[in-house]
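First subunit A sits with subunit B, and in the next complex the same chain sits with subunit C.
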Partner chain A sequence: MPTFINESPRSAHPLSERAAEWVIAADARDRVGDRAAEVWQYRQILWFFSLKALRTLYSKTHLGVWWIFLRTLIPLLVGSFVYGSVMNIASGGVPYLVFFLAGQVPWSCFDGPLVRGSRGLEINRQLLVKLYVPRIILPLGGMTPGLVEPAIVGVVLLCTLAYYRINEGIWYVSSDPRPLVAVAAMVLVLAFTFSVTLFTSVWQARARDARFVLRYVVGFWVFFTPVIYPLSQVPAELRWLMHLNPLTAPVETFKWAVLPGLEHSWAWLCYTAAITVVMFLAGVRFFMRAESETMDKI
Partner chain B sequence: MNGRWEVSPQSPGVAATIGEVWQHRGLLRFVGDRALRKTYRRTVLGWLWLFINPLFPLALRALVFGALLGVGSDGLPYFLFLLAGTVVWEVFSTSVMWGTRSLEMNRDLYGQVYHPRAILPFGNMTPSMLNLALKIGIFALALAYYTVRDDRVYLRGDWGLLLAVGALLLAFLFALALSFFTSIWGEKTRDMRFALGGFMGVWYLLTPVMYPLSQVPAEYQGWMLLNPLAIIVETFKWGLFGVGAFYGDAFAGTALGVLLLLLGGLTYFTRREARVVAER
Partner chain C sequence: MDSLVVEDLGKRYIVASKKAAAERPRPTLNLGVARLPLPRISLPGRPAAGNELWALRHATFSVPQGTLLGIIGPNGAGKSTLLKILARVTRPTEGRVTGHGRVVSLLELGAGFNPDFSAHDNILMNAAMHGISRREALERMPEIIEFAELEDFTDNPVRQYSSGMYLRLAFSVAINMQPDVLLADEILAVGDMAFQERCLDRVAQEAERGLTVLFVSHDMSAVSRLCHRIIWLDKGQIAGDGEPEKVVAEYEEAALGKGSGEVAFGARSGRHANVTAEIASVRLLNARGEEIGAAPTVEDVFVRIRLKNRKPGAAIRGVVDVYSKRFLVFRSAQAEDVVVERRGVVDLLMKIPAHLLAETSYTVNVTVYTFSVKESKVVLNNALTFLAYGHDSGGQLKRGAIAPRLDWSAHVHQRIPKKRASVV
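Up next is the complex of A and B:
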């Protein structure tokens, strides 16, 4: 049983006008439900960490906020040119740029948030020894700036669709678009990402090369996910293999919900949802067990 | 040098700097060793990284772009094609990354031992040279495998090989020239390194490594040739295998440009180094 010396949550409440009551007690909140309640109590701290992480996105750069746009947009445009115009990768009947952007929206819900969330514990090391916060808030707060990228890509996708509507007179959109399904697919990706972050943030606080490994794995994961190419490009007998990657189904579902003439599979989406739930439960367990032990070391 | 100590201000000028670097060339090994140690220190996988690093991405890209998506490769086996392009690209990109970090990484040396600072970007590129040696080993193995399998000699055995070596050298010099600028800029802010990472990713896509230049739509080919790395990579592949095209004028122009940039970089570096070191 780990024992901490704690402040009472109430005294940490930044806007509290009540006199601070100090409680020094062994930490008995070992059950998941209690932990969840605790996170809720500390939600303003979560807000604080999110804002802090958001600001680090562009602070100390000369271009400021524009930097975020450039860094998101240029790789997208160049990638679309190289994959679409030079390599002539198939795009299932829509212009490659539209296809590519539609894949990038759900993918960027994974890519950026994972890398940033995993740094949550590591970069707030200094703060952790000074005050108590539920540690789980840190990876969660770190993920928040990652939401900026999907938003930018989404807006660019809408602009591109409008551009093709005006120039070619065609809406490259599904005949009955399903915005709710698209949002649900994104939320599923985010939930999966958070579950993974519960593991990776602890690893990264412990060992330095976790960062390199993570960057590698994420850099290659995109090749196993139908983002730059359609799933139909993969031989039919190997598609189940692609679907074992939990990100394949939500990406496909997102594209199905937005673009015309595509198919997707609810069954594999349920598989992803199941994986996410299992990963989340295992992740919370792992995180809770590891936090006290890891915190002593960093 | 004959047993007397001389305390004098640092000799100014590019020529003097080059002479000084040559005098202190013994330090190169020391700086290189430091760079290698610093990278793999405190990592669980340690030196294994050195091997995973070049192999894994190559195999994966070959699988996805060569086997799955069928990207063209000028008639070569895709893996061999990709490997040749990657050798040149990585000499450039990893050297720039390491060169950029050279001043920042060796900060603690400033006060301890005198060395011409210009030796740092150069010496810090040792890990990338090690990477190159590994890649050349892999390349030789792959070449032998494909030559036996297809019963066809892919490598051309004439003076083109010299041209390929020249292209490789040029890629390295280009990296060195850029590092003279970026290491000074990167000394102040670590952000420089991250920005450079993103920039390199885009540059990689625009350089014909994963695809041949001939596959670029005709109206964009002229634009692609504005990228010096595109010319260097294409020349390397042409020199090795005789595939693609050799742009003689463009290659000569690139070589000249790189040499000028190298001189400019060295001048900039020697003017700024004192200030950067003093501000620490």
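Up next is the complex of A and C:
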């Protein structure tokens, strides 16, 4: 039987030097550093999983990618009509449509990506039982198609702002570097969302109940976040309660950053950032512990 | 140097069972107040109650670099579990594996491929899924396409490929990623013969250069021809390890001696009983009516479906699907309904004539239509698994899913016959 010696033809093999030793052991403890290095090694699959998630979402539909626009735009139209024109919700001095869109951008960074990211493990079940990839990439890969919606809402917001600039000569966005904070608020929401999907994707892979629960929770959550109304509408003594919701601060900050005459709180934004860090660390820990057991059950 | 050192490897699964769950106190949602008449909802996150099942246990062996190792055994013996652990798809419950170099797995044809992507994109994706950089994958691209003989189809989505083309692509990607260890589950089963031969030649070539391959296969003739060494697994334990001819002979002897063609745990599925009938057992018999565990290809054998008929006047009709390596080889249905006047036990017998089966393993799914209730049927999937064996070693002459003895004739002409102009 051939054995490995340096003079064997194998040494001409350009890759033989990297025949590094590896160990699979039942009692091995996962080290976060090793996992991070592994995720980096496999980073390219993020792109393929994102593409796959996007395609499976709208494959076998007649309208194809047009669904993305329909699904995004119709709720915007209906929402701004109902909340703005019918219910006359206060909007802090700007047209309600602008206010509404400015709330929807950060919210859609949570809503869609959470639901999609939570399906990350579930929709790749077939693959995961046959091929090893660092599974933590999957909720992230599932989330990325959800970025299309905030992008579309963002473009709609810009068009609306441009409309008011042209027709009424008012440009609502301030000229200082404040709008950059809006980007930071969106990134914070996305980071928070990913931390949540570390839990929900595992639950959903184990039992589909999680999917229905998630729909409900997200459906209610929007009403406890100042998306369709300004926080100033909430009685002052209840505002701290609203702020306990980690999404309140980034949504408020986003609106403050792009629209005039609003307030926000840096302190509560820091609170959200802290919650996100804690959730992320706890999520990684949970995911690493749960994944191997979950893989045997799906 | 050893490519793989496996020490006391074990994998335990918990098979959910209602009985075990009922016997075990469950964590409940009624906040410790046991007398509250609330429905008991078991909380998620705890290990589910069930029976323990060791799919693999106490596996210890080492594989020197350059070995072609075959892994054989009946269904549910732990072969795939072993490969899954080595591929890191599942974690072992106990023991450890130490290995060297890059591991590439081919556990299922098309795992890690996307049917909507082109071959080009799939190669990049598959490489990425093995943690191989895009640059390296692009370097190997021409070799991969060339070996797979897909030069003209690189831009077509692979869903348009035939299964043979798919196999060629999958194998070519795997072998050209220059693995140090290749894990292959039943890949010899599909694809055209010419390509199979090329695959095996290439594998043998790479083994000379230090590639270690683990093949799981039911194709005894292929593994014994190709492999340097064979490990035989049975019920999760290593039952034999050594020279291919010796281990295969021991395995076949054990398979023949077993008496009943029982299948492994958990493999059976389907609704095997309804108001009219129940499938009580499915057995393999010889011409003398004795139960056998393996089918000699040179004799007639019978599949007996024993039914409990619960309705007088039931009209029943049996259908048997015979699979080999997950492919449907043939379906045989009873030509007419049988009307059973009384309650009781009914045996349906299907004869498989001599010289039809090939020397390979078969799995039988049984469906019995019970027409007394409209559109109703009873089903038992994986009802029976058996090996067919011949008395001579035909080798190359006996390949394929069946090996029927057909009429051949030879006509010797004095002259070359004239070509007819219009043969349509």
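One rule holds for everything that comes next: the second predicted complex is superposed on the first by the 267 of 298 C-alpha atoms of A that agree within 3 Å, B and C clash if a C-alpha of one lies under 4 Å from a C-alpha of the other, contacts with A are read in each partner's own complex, and residues count from 1 in each chain.
Basically, a contact is a pair of C-beta atoms (placed from the backbone, for glycine too) under 8 Å apart; a residue touches a chain by one contact, two chains touch by 3 or more.
In this text, all values refer to a predicted model and were calculated from it rather than measured experimentally.
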| item | value |
| --- | --- |
| Contacts of A:A207 with subunit B and subunit C, given as first, second, both or neither | both |
| First (subunit B), second (subunit C), both or neither touched by A:N167 | neither |
| Partner chain(s) touched by A:S175 [first = subunit B, second = subunit C, both, neither] | neither |
| Broader residue contact with subunit A after superposition on the shared chain, subunit B or subunit C | C |
| Partner chain(s) touched by A:P75 [first = subunit B, second = subunit C, both, neither] | first |
| Partner chain(s) touched by A:F223 [first = subunit B, second = subunit C, both, neither] | first |
| Partner chain(s) touched by A:K52 [first = subunit B, second = subunit C, both, neither] | second |
| Touched partner set for A:Q41, first subunit B, second subunit C, both or neither | second |
| Subunit B versus subunit C as contact partner of A:L127, first or second or both or neither | second |
| On subunit A, the residue positions that both subunit B and subunit C contact, one per complex | 207 |
| Subunit B residues within the subunit A interface of the complex | 42-45, 49, 56-57, 60-61, 64-65, 68-69, 71, 189, 191, 195, 198, 201-202, 205-206, 210-211, 215-217, 220 |
| Residue numbers on subunit A that touch subunit B, as the complex places them | 60-61, 71, 74-75, 78-79, 82, 85-89, 207-209, 212-213, 216, 219-220, 223, 229, 233-234 |
| Partner subunit A, residues of subunit C touching it in the complex | 1, 10, 13, 44, 47, 64-67, 84-103, 105, 107-108, 111-112, 114, 116, 124-125, 128-129, 131, 133-134, 178, 180, 207-210, 228 |
| Contact set on subunit A toward subunit C in their complex | 1-4, 8-10, 13-16, 18-28, 38, 41-42, 44-45, 47-48, 52, 55, 59, 126-133, 203, 206-207, 292-293, 295-296 |
